[in-house]
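The structure under discussion is supplied below as structure tokens; questions concerning it will follow.
Chain naming follows the written order as A, B, C and D, and within any one chain the residues start at number 1.
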């Protein structure tokens, strides 16, 4: 095995891209729903503003609702636009092992740095099934670095410390997109050891760093799509150890997030994850990601309104930290 | 709209087929995992033994873990073998609306009687999303009869009476595969009205019939794969109103099921649904459905053992009612 | 052991009384909150209208929120008013085994026929704890017939078939107040055998009877406080085997209940059980049960409104079946 | 109002006492189950070893399973032994508002510094009910400082930031026994403001302090019953800002806790909270708290074993930090 990207390379801001959509993308009869031009423009915008890595096709990246053809062309656009300037981890979560393997092979052949992989979710998976799934992928793609995507709502359960301990023995796995820094975080970090970097969300970075300073070199976020400036300021503050500034920015980011979660609730958010994040991105003003694709194309006005406010609040932060 | 199969045609035993697998089907590098010969043989066996309809590719029918090519060839085999002798409802549940539409169109063009459709499950769907999803399918395939597949574990939530009321206004929807006859059943039946036949599981048929005699003309089952005889005997007893006999057979079937559910628990069962049902079918001795496909290819010996016993117990019933 | 009331005596309508309250009973500084006169009047009304047994101090009977003195005087009133005309089962659910035993002894000495006992609910109890609890009570009161009160929301979990099997070996236990006739009902009935009568709610009686005709001789209800007539009509219809009439009355009763459950949800109902039932009883017009006692003395207008409608609808049924 | 103990007085180690039991305390026929001598000895031991405050009768303090007489005499013993040397907060959680008020008045008259109060738990309480409950208590006892006891398993739900905001307006409430420092912690702290000190568990102190240094002046614990030395060392390390030492001690304490939670699970722990904590205390060797009282007097050997190990591990820490 000869991984070109390892756990020690997981540093900084790993931003997940949305998949920009054409105007008619919410319709069932839309045939090619991707706005490729805007896709390329976002990649360039992220790189020009010092993103550390780009991920595609998680939940709000609509891994679930693109056709296979769209998915292929979209990732091709991202990979070729990035053109090696930053690592690209392509999302290839599907309903089963073999489809994920064949899609993963395509992505690696196309030049992706690595893979961003959630697990199949028709059946909830127990520990052996989860480890078996990632082991199969690793066996099929021995040279592909993998970022594990854990999302308890999407994939019916949260990885446990014991699972992290077993995943850490699969050499391909370099990082994990993590859901929230709470009671289980330290046990997960301990179990993951040096082989897997657990990446918290932007608004949890400071708190993870306070608890385990050496274990929080990187985060995942979608906020970069609303502007990289606050994230860069936070990253810098943490790197130089400016506790007060890191704390201030963190509370600003948390304040901007507040209305994104209906009734302050992650479960509720998960019912509208795609719709809410795309609404937030559009409201921030930097990107035009279009409507959500079916079946996740419906949302009530009042729930969407929280995402609009979140986008506008973040835009204000972006203005503040971009210095313009 | 010109449906060839309507709610009033939903009568009798709707058996869901497994997708027979080759010996190496549990491996990630298996390329064509379907045993087409056995698939055809099972279709013939079911028809010869008076099944009323055949459904494919629900959960244990491995809708999730077939490649698209396998799924196409398998359904082609089923449809062409059935050759119009009984209705065939092809499963086309995918991760999104457009994939389900394109697969559904293929199936209808191939000669399927109708569709057997669960909903996308990456995000939990709210009422509007569920109704919107089925409405989109119906708009795209105005001539396709649809059996709704409701499975609270697989699809993250149970349909409510209010949803049944709205689904009943979509003319394509003729039936619903129902999970368990309990407190909500009568409200669902009332909401569904005459437009949707709510189909309980074989072991609940008698109980649904006792509660609402005119509303229980049909069931879904996988037990037909272990032998049609007990089901035919039950069907006959209910048709002629032989309460005592229907009750006796029902308790025999329930007894055979008992060990299929780990700790008597549906949630636990759902973590191993595919593995358990395929194990049961194999243990019954009438079919050779092979191993389960990844990622649902792992199960502990002791949990599997309950399914073996369930299959053996059903086989004894089959022997008793087949009179041989 | 010499039980004066056995499982075979559990027949008919077991109505749970509310604990009528004085006008200031919702205040924390109320010292004697019981309206004893109305309490006696309700006992007489129930007996005059052919109730089969009276139970006190479950959830809506405010077993939780009476002071010990009030509880004692209230039960004294009920027992002495009944004066042997119908069996009285006194509620003595407390936070622990010894308090329940000492209260139970008081009640039996006072002339109660038996006890109506939920389990302590500070900690959720596992199987051994539940069986141990009832065994201790039985050992302490060998001559006291016990009706087990199972309420999954109040007592943090539902009795399982296995527990019923073990409870059935404790001779004192003669019946169980049961929550809802669904998938687990038949297994519970089977496990309970002939030693414990599982009593469904009034609106489930017909359905329990259809499933297990010999196993449904009795029900529990609070509806008797709104009028015994519909219940007597239902009882008669079931006794003479008039299926159509029993079904009609059942659907009328279910229709009357409909708005009692906020959003159709038992969990939600349980947050306001006391308040909702007392509101329903008051709205029915036959009894004056006053306000709810603290801390269960608050409820929003719109949730309470559903209970008002439920009471009014039942009152109409009462009028219809009382023939006046 | 004239509170003698205010939020600003909440500093240091608030240790919850068990209620030592006589040898026959697990039996239903035990009449006075309290070991008063050991109770007094533990109070002295805690004070001699610099505990900052003593709390009684939460969950493992068997607030639920003492008779009222035992509860009175036990608190009398604790209060008179403490004799003003440290504040004593007496537990008076009952099934309703009025019982809690009358018990609270007794305790204050007896010389308790304040009250340690969970909420009634027969019905789950919504926001208005919870605020109403504590408001009623505060109105009845205007001079009594109150520590709110929040325990999501015992009291069916976790306090929300919005509730903390409303509780903070009730002047009597000075602190809250908090369950776990996770995603909601900072919002709770912010909502509680300066009026309520949110007290984490000992093993979370360091982490709360890292996140909100000025908001973590005090903790609750039962570990003091196994020895005060590690807690004093931790307290000192945090006071002088010795991050590395505080961290080391914290991880030692966490390691000692590890086996206390069956399958690492708080829900599971809650089913045996009393039994597990008393087993841990006994195993630590410093106290003799006897068996658990019914109905919480049963536990399987293997689950109890985890608590024995936890007690032994803590004893080793005590030895290390006590320097003997």
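The criterion applied here is as follows: contacts are C-beta pairs under 8 Å (C-beta built on N, C-alpha and C of every residue); 3 or more make two chains touch, one makes a residue touch a chain.
Remember, it's a predicted structure, so these values are computed and weren't measured experimentally.
Student: Tell me, please, which chain's centre (mean of its C-alpha atoms) is farthest from the centre of chain D?
Tutor: B
Student: Need the CA-centroid distance for the pair chain B / chain C, whole Å please.
Tutor: 40
Student: What is the distance, in whole Å, between the centres of chain C and chain D, each centre taken as the mean of its C-alpha atoms?
Tutor: Roughly 36 Å, centre to centre.
Student: Centroid of chain B to centroid of chain D, CA atoms only: how many Å?
Tutor: 53
Student: Can you list the chain A residues in contact with two or more other chains?
Tutor: Residue numbers touching two or more other chains: none in chain A.
Student: Counting only chain pairs that touch, give me the topology of the graph as line, ring, star, complete or other.
Tutor: Topology of the interface graph: a ring, with each chain touching two neighbours.
Student: Which chains touch, pair by pair?
Tutor: Those chain pairs which touch are A-B, A-D, B-C, C-D.
Student: Mind pulling up the chain C residues that touch chain D in the complex?
Tutor: 28-30, 59, 63-67, 94-99, 101-102, 119-126, 128-129, 132-133, 136-137, 139-140, 153-154, 156, 270-274, 293-298, 300
Student: Residues of chain B touching chain C in their complex?
Tutor: Checking each residue of chain B against chain C gives 160-161, 180-183, 207, 210-211, 254, 264.
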